[in-house]
Amino acid sequence: MAAIKNKKQAVNASSNEVAVGGHGQAKEIIGRFMRNKAAVFGLVIVAFLLIAAMFPQLFTKYDPIAQDLRARFLPPSSEHLFGTDEYGRDIFSRVIYGCRTSMEIGLVTVAISCVVGVVIGAVAGFYSGVTDNVLMRFIDILMAIPNTLLGISIVAALGSTIPNLIIALSIGSIAGYARVTRVSVLSTKGTEYVEAAYSTGASDARIIFKYILPNCLAPIIVQATMSIATTIMSATGLSFLGLGVPPPTPEWGSMASSARAYIRDYWWLVTFPGLAIMTAAFSFNLFGDGLRDALDPKLKT
Amino acid sequence: MSENILEIKDLYVQYSAGKDTVRAVNGITLSLEKGESLGLVGETGAGKTTTALSIMGLIPNPPGKITGGEILYRGENLREKSEKEMRKIRGHEISMIFQDPMTALNPMLTVGDQIAEVIRLHQNVTKAEAFQRAKEMMEVVGIEGGRANEYPHQFSGGMKQRIVIAIALACNPSLLIADEPTTALDVTIQAQVLELIEQLKRKYDTSLLLITHDLGVVAEVCNKVAIIYAGEIVEYGTLAHIYKNPSHPYTIGLFGSIPNLNETVTRLKPIPGLMPDPTKLPEGCAFAERCGEACEKCMKGAVPYIEIEPGHMVRCTKFAGKEN
Amino acid sequence: MSTLVEVQNLKKYFKTPRGLLHAVDDINFKIERGQTLGVVGESGCGKSTLGRTVIHLHERTDGKIFFDGRDVSDLSKQELKEFRSHVQMIFQDPFSSLNPRMSVSQLIAEPLLIYKTTKNSAELGKEVGRLMDTVGLARRFANSYPHELDGGRRQRIGIARALALNPEFIVCDEPVSALDVSIQAQILNLMQDLQDEFDLTYMFITHNMSVVKHISDNIMIMYLGNMVEFSSAEEIFKNRLHPYTKALLAAVPIPEIIEGRKRQLLTGEITSPIDPKPGCRFAARCPYATDICHQENPQLEEAIEGHFVACHNVKEINQL
Amino acid sequence: MLKYIFKRIIMMIPVMLGVTFITFSMMYFSPGETADYILGELATEEDKALFNEQNGLNRPFIVQYVSYVADAVTGDFGISYATRQPVMKEIMSAFPTTMKLSLWAEVFAIVIGVTLGVVSAVKQYSFLDNATRMFAMIGVSLPSFWEGLMLIILFSVVLGWLPPSGLSSWKHWILPAFTLSTWGLAACMRMTRSSMLEAIREDYVRTARAKGQSEIVVIMKHAFRNAVLPIITVAGTDFAKLLGGAAVIETVFSINGIGKLIVDGINTKNAPLVQGGILFVAIAMSLINLMIDIIYAFVDPRIRSQYVSGKKTKAPKKEKVS
């Protein structure tokens, strides 16, 4: 009863003043996203992978590292869903625990490179001229070295550990964010609504944070989501070359790498970790693709 | 009465937009005699361009669809033609000039090639002959033939529109549809382009369907006028009928909205409100909501289309029973 | 009556890869408080640049700008902010000039927040509500976003935003060009009402002759960065002295049946304003051009009382 | 045009200096003594000192770097520690293999990717379109080393049709080239589809239809020609990536290309080989990027007219003045 009364009062109050705010565009975006079945499917898998990464023990009773030499090379069965490897370790359990490694690498790398890249790109785009030139030449250098080789040599220089792998992958993907951000800052900077903001006397900081960045966010978010997929693939690739996560940590790339010796006889050793990589990359790609469509600024009128 | 080159009877076109259906054209009936110029006047979203594209058979499908009516060209229903037959008509019998000359030309091809393309399609000539004809067409529209090897971006907006006109008239069509041909141009260039269209129309004896929102342009170029609102023709007549005796409240409102160069009016008399959402058209008269003279009758049922003087048609209940 | 805005020898040049673009070249004018100056010309004539330069959206290349008797040609950051609370702008495209991420109420509140003119959110809400009423925007749109509204309503947002700080001077850059005629008339009437109510001074930039005649007290005709003719609205339409003005007005299609109507056509098109050669910029298209027109810049002179023209042959052409 | 190419090549110099600096310092500061790797565990301290002396490894960092760059400018990338051969010679023997492999992969990717992309765009939302899009999505999500291994299991182990490693006959090329092409094929297809969808909606396509042109000509002559620029970009960057990223595939299929050469060099701390290899690949990539820009000008008259020096033509973008 009291609630109803309050509501009535609120309505009365609003007749001579307007609540300054928006109903938010999030609802619209979520609505558009939810209508895209493939994207929702991707999101569901992403959610599952995250849960598996956080609580792997929920899904498997086997220790991913414990060796059981009596149970080597067992084919997939109800006991060992994905079979066992050359040390008799349960592959399903290693794949589930490997989720944590991959998600960790993927998310941390994207967080670092996104922040650094967006700052570089935004500064370059907003303050054009010398600043822009210097920063973009630096980005050019990063772009000139192929990512794989850059990653390999950084890991080789620093040593094979997860943090070093993250550093290597982050440096490699900074350039992408910087470019995307710069281009979209440049195009937003030229719009009439930014000019309008200047004409109402808004400060540089206000223009950057209230006008330019919110309108550049969509391509950056999409780039970030999609690059979780590429990061996971690159990280496993480096591990495959023996330059990533050191054994015995369960990691999809190094699992595939050690399984290489047995592909003639034991197909399941290489198949499942690879499928896991693909599923993870695929789901993030689907999710990112759906986000792009949902965030598309070309709104239909 | 001379022969009708184009007759549209009760045309309906819809677009599907997700769950909604956009009712773009709702029973348009029009006719155009040979050699005439008909101005189709209306505001954004009134269904002008959709009507034109229906005649050309170019309604993008999906999402668009002609759901009813006939389009008779020289007595033959274009809706019954196969795509192959329509291709022979497009560019040859019926041509179209589009609104924005900046985007209407392919930026990757030389203007000569783009004019020659339509000539090659409809006339039995070699490539070299077609290009030669293209150069001649450029001269006709007032551009040096020697520039045939240049690309669209090397021309100004007015010149591009001349090239679009050259493409449209290259095969000497009987009917020319011009969709806002001068809206994107500056006034002095607009005058040049209108002059050119009129000259060529006389020279080639082409009939013209001019689509525009500018009552001034219509007054200069056309001899018949149709006013379109929310996908319906609300008033139709000769230039004199519409300009001397505008009868539909919407037509009157349009004239009241335009500041006049020749007389001083301190205050304009705008039409209040907005055009109804084409996905939720009201029952009855689509204009009733904005109409100062609307009564209960206007809110439901079909609105009669009444001939108030010979050749002057108005779709409004206030003339019910006052037929000529 | 007092002069609110005055501009002396204003120049704005842009550097382009192909040379110096003379967008605004040596322009002088005054606008009296409460009046409207119409600035007319075709695309590329520099009319928008002129408007933007006057209110410091572009920094001028040379010349002086005075506002309310004060020299505002050079302003510090603080002075500029203060200046901007007195002058505002209404933009042509009511879609691209509104931040798509802000709702109607946020857009209108923005200037109030920047200048902290209101003490609390209730006061802010009241003020936004008042502004929405002033421009005829229904309150139910307060939380809507620009893309959900039609062009006319969007332009009302732009006007409300411009009015928020009680400015004295508003530069209106083609405010009705993107709108349909029936909506255009609504907005024009609104702008006239607001001018009367708040004693506003307008600089009204447009290419539409009938609109400019309807709304202006004085009219300036521009061609390629130069002012070619300046006079009161009535006078300019009665006595068109400059050959360009004659051609421009003759080219406007009039929605009336005129027997034996004949078009007067200009040949050629607007030439490039980049590194212009000396001489009248209209000479290449002018039917009356003589040798001197190709050699010397014509100066703006008072041909009839209160009617200024920049043409070497104005007397001969008009038999003055 | 020549002036432009020259300018671009000049602009490559600072970038390449940056590249050499990064690779050089990475190899310099990476853990482990080069001498240990090269001379083996049995080498004495004197042997190591002599080795460092001979190779100039005991000089300060900056001196070593400057002398390296000075040599590299003349095409001298130093001597590989492992084989005592000039690095340039080693690169030259490995690079053509990688180049050929990447070229085949890219040609395949472009032909199939573009075809599927065009069909997919023209028949938007059809079954074919949906299927192609799904395949493309999977294609960009496939880790190439795993794809290679799975193909080996299928075609070499199970079916026995194709050899699993080496490059001695044309059959050997099929699996690695196909594996390499997958990502690019998917990327090409997606870009073709989206840029075709955009082009099909352009006004000039409507103009072409209004001329009475047949649909196939409208699509290929008018829409595709305008959609091709972004496709070239994607294909070009993908090709550059293949050159640099073939390391993994070359390892999977035991192919002696430049990628494997560099990876082996890193594992043995063969600094001259790694530095030279990466610099070489970086130069190759930059040249490819330059080539993409030249192709742009070749395809698009608007871009071409910007490069044509001397004769001034109207720039495609009008300056906003009004």
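Going in written order, the chains are labelled A, B, C and D, and every chain counts its residues from 1.
Simple rule for what comes next: contacts are C-beta pairs under 8 Å (C-beta built on N, C-alpha and C of every residue); 3 or more make two chains touch, one makes a residue touch a chain.
None of the values given here were measured: they were computed from a predicted structure.
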Path length in steps (a step moves to a chain that is touched) from chain A to chain B: 2
A-D or B-D, whichever has more C-beta pairs in contact: A-D
Whole-Å gap between the CA centroids of chain A and chain D: 24
Euclidean distance of C-alpha centroids - chain C vs chain D, Å: 53
Cα-centroid distance, chain A relative to chain C, in whole angstrom: 49
Junction residues of chain C - those touching two or more other chains: 42-43
Interface hub residues of chain D, defined as touching at least two other chains: none
Parts of chain A lying in touch with chain C, wherever the complex brings them together: 14, 16-23, 25, 191-193, 195-203, 206, 210-211, 214-215, 297, 299, 301
Sites on chain A touched by chain D in the complex: 38, 137-138, 140-141, 144-149, 152-154, 156-159, 229, 233, 236-237, 240-243, 253, 256, 260, 263-264, 267, 270-271, 273-274, 277-278, 281-282, 285-286, 289
Residue ranges of chain D in contact with chain A within the complex: 14-16, 18-19, 22-23, 26-27, 29-31, 134, 137-138, 140-147, 149-150, 152-153, 157, 240-241, 243-245, 247-248, 251-252, 259, 262-263, 266-267, 274, 277-278, 281-282, 285-286
Chain B partner contacts - residues on chain D that touch it in the complex: 202-204, 206-214, 221-222, 225-226, 299-302, 305, 313-314, 316
Chain D contact footprint on chain B (complex, rising order): 56, 58, 86-92, 95-96, 98, 100, 103-110, 114, 117-118, 121-122, 151, 153-154, 164, 167-168
